[in-house]
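Got a structure for you, questions after.
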Amino acid sequence: MVDHHVEIEQLVKTYPGAQKPSVDRVSFSLPRGEMLALLGPSGCGKTTILRMIAGLIAPTSGAIRIDGRDVSAIPVHKRNMGMVFQSYALFPHMTVARNVSFGLEMRKVGKTEIEERVKKALDLVKLTGLGERKVSQLSGGQQQRAAIARSLVIEPELLLLDEPLSNLDAKLRDEMRDEIREIQARTGVTAIFVTHDQDEALSMADRLAVMSNGRLEQIGTPREIFDRPQTDFVATFIGAGNFFSGKVREPGVAEVEGLGELRFSGEAPTGSSVKLMVRPHRLVLDGTGAAGVNRFSGTVEHIVYRGQTLTLTVRCGTQRLQADLPTHAGVLPEKGGEITLAVAPEDVTFIEKAAA
Amino acid sequence: MNQSTPFLGRFAWRTLLVLLYLFLLAPIIIVFIISFDTRQYLAFPPESYSFGSYAKVFANPTFISAFGRSLIIGLVVGLGAVAAGMLLSLSLARHEFRGKGSVNFLILAPFLVPHIVLAVGIMLVMAPIGLLDTYAGIIIAHLGITIPYTVRTIMMSLMSVDRRVEEAALVHGASPAMVFWRITLPLVSPGLIAGGVIAFLISFDEATISLFIVSVRTSTLPTEIFHYLEYSTDPQIAALSVILILISVGVVIAVERLIGLRRAL
Amino acid sequence: MNPAARSADGSRRVLLMLLLPGLVALGVTFVLPLLWLFRASFASSAIGAFSGGDWTLSSYETVLTDPFYWLVAWNTLVLGFNVAVFTVILSYPIALFLARTESRWRGVLTALAVAPLLTSSVVRTYGWMVILGDQGVINSTLQALSLTDGVVRLTNNSFGATVALIEIFMPYAILAMLSGFGRLNTQLEEAAAMLGANRLKVFTRIILPLSLPGVLTAALLVFVLAISAFVTPRLMGGGRVFVLGTEVYNEATVTLNWPLAAALSVLLLVLFSSVIVIYQRALRALEA
């Protein structure tokens, strides 16, 4: 409990006049120095959560605690948060340096110290020497950096980033992705960033909180989220997958209609209905003939060449499977050919909280 | 399409436009020419040219003092209309409240009522409380007709201010009052200046309402000119008119230089 | 009290402070005057009207029974109609040109077209007195060319007032048309021309229909401005043009019959509002 830096508990926000809550009983917590991604489709309530944490809007109910202290009575300008807005929201009438120093001026920090800290912050985000530029003279990436510097210079309790990369072009996005991660690691600031892009979330965050329709679906490390999705939504939202409905015949073995027996990992009571998922890249061409592995034989219906991988659609019984095979995997299958695909039971995920 | 236009048609079209522009600008051009006529009475074309009429204007105590009053009234009205307009715009752009529609209507309503009707009404209201022919009276009256304009220009500026920028200031430690002084106010200043200039020019040029409210003590330049013109049309008025035009144009050019009028409006 | 409620309460107080100055100013210069005007039009003397004076219809009786005021109302409508029609006709080419031109002088020419707004209407009226006066530009020219012996009367009558008002309202009409011409663009015309429309067809089938809303708005605007004008009719009319504006001024400042001035103002307001309402009804009917 004590080692949780930030705690969100049963947070609810219903906008005035709205039929249903935009954020519905969301709880999660972060240890100090963690970077958490709030991931979900647009409109699921991510920004709303961020704005409640910042104090820009008041929660309908629930608590936000920092170091165990409820902050709901603290007005926004005294919460000591840093926030990077989607549109950066730099002050257009000030120079870059004045933008960065703004928070320090508001905190009545001495002049010389302000100068020092602004310079350090600009160095940190690689804007050295650009302090006297006007905001409009910066490129998109530089504006982004300036916005980050403005937030970090005040040594905030928590850094909030709302879709920080969505306004950048693809190349810059990759660059800033690493950069933000590095800056966060270097400063050790606890951070929450919002995104609807799964790659971004998976590659930047220590942990992911996946949201849908105002509810928290699952929270966990990128690996857990990707390999062990607990809900239908998480399984379908993140990555591609082959989904099967089946009945558990004995522990670890399910009967899937039109496909046959499927061994999986995870514990499901015998006789229950289960939903299982296999990621396309976990399916391999069966060459080993090892025992205890699931095997499916079928006809290749469709092939899409994607450079490093080949995406196959294979008809097995009444099911269609999608498989991503590495293009360097020796003899490649051809359209219309018969192949056998294999997958290990530990790569067959049992989706625990799937709707029946 | 212009290329295919027959030469004659294009020529006729251009001529028409030139003539219409001439008609539109005729009184200003003529007043300008007449103002340099040496003669004491109105005639055309001028016999010879001099600054005599201008000298007479500057030697005319009635005009000079009326000019001073117009200037003072215009400045106070400009400032007051901007201040009231700023407050009204803030409440309309930044707050949700019951009766907002009525306030909006009330602000637009003076556009919908002829000034002469307002003038009679204002005169009737001000007469019993002794505001007729006082600075307070004329300033209040001019505020009423200029506030709708300042609200409009300031609202437009305010709408163009990104709310996120204000929020960013809040999050990074600025109190709401600080946000207003350091962020909102500087960002809407073009709107404030434009609104102030418009209000000043309206007040400075206004005759209809002033004629009902002022008399000898607080007569403004337009009312003095009006009364003068009821009896005489000599070139002195032309010189005075040119001065008035130059002031208006000067103010607009200054604003244009200062902040760029297109951005301000 | 929880913080949310406290801040809501605080913001109510802030809101009140924001609204108060402007609303007081508008109340004093708009709401009260209209109420007083209405009340005074039913009083027998202006003084009595403010301290529980009497109620009488005598001012309205005067206005409605005296044929002079019927003439005044008629004059006002005729003036308004003439000014509106000619202002629109003369402004249309300029507005059309400004809306369609791609010349780099467009900004300057637009500024030039609306610049007269920066000039007091008193000053511009004076300009027309100089142009149209008995010894003015036109008469001097005519005499110099020996085209007339005597003076051609162009001022001190409604002709002069009409001409001056047309010029004074042209910038308003141009502005109204320009903002109503939004959908006009040369590409549309080029497309029509490529489809085989000749210039006349392009004008009647494309330009005119698209510019009509702007034209109609401008006409209404000029009409309502013209029927409430008084400075220009008074100066250009030399006391011989009788419209509602001049009579209101006369009763208010010369005769000092304030109840009558108030009644005439109410009449003007009624005329003003009915024109707007009828016009908009007609427009809607036309569109349907």
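Chains here go by letter, A, B and C, matching the order in which they are written, and residues are numbered from 1 within each.
By our rule, a residue touches a chain if its C-beta (ideal position, glycine included) is under 8 Å from a C-beta of that chain, and two chains touch if they have at least 3 such contacts.
This structure is a prediction, so every number in the text was calculated from the model and none was measured.
Central chain (C-alpha centroid nearest the global protein C-alpha centroid): B.
Comparing mean CA positions across the assembly, the chain most remote from chain A is C. Chain centres here are Cα means. That of chain A falls 57 Å from that of chain B.
Inter-chain centre distance (chain B to chain C, centres taken as mean C-alpha positions): 17 Å.
If each chain is reduced to the centroid of its CA atoms, chain A and chain C end up 62 Å from each other. On chain C, the positions that touch chain B within their shared complex are 11-12, 15, 17-23, 25-26, 28-34, 36-37, 40, 46-47, 49-50, 90-91, 93-94, 97, 109, 112-113, 115-116, 118-131, 133, 135-137, 140-141, 164, 167, 170-171, 186, 189-190, 193, 199, 202, 224, 227-231, 234-235, 245, 248-249, 252-253, 258, 261-262, 265, 268-269, 272.
By the touch criterion stated above, chain B contacts chain A in their complex at residues 162, 164-165, 167-176, 178, 182-183, 186-187.
By the touch criterion stated above, chain A contacts chain B in their complex at residues 54-56, 76-83, 85-87, 89-93, 102-103, 106-107, 147, 150-151, 154. Taken in their complex, chain B has these residues touching chain C: 1, 4-5, 9, 13, 16-17, 20-21, 23-28, 30-31, 34, 41-45, 80, 83-85, 87-88, 90-91, 95, 97, 103, 106-107, 109-110, 113-125, 127-128, 140-141, 143-145, 147, 151, 201, 204-208, 211-212, 222, 225-226, 229-230, 233, 237-238, 241, 244-245, 248-249, 252.
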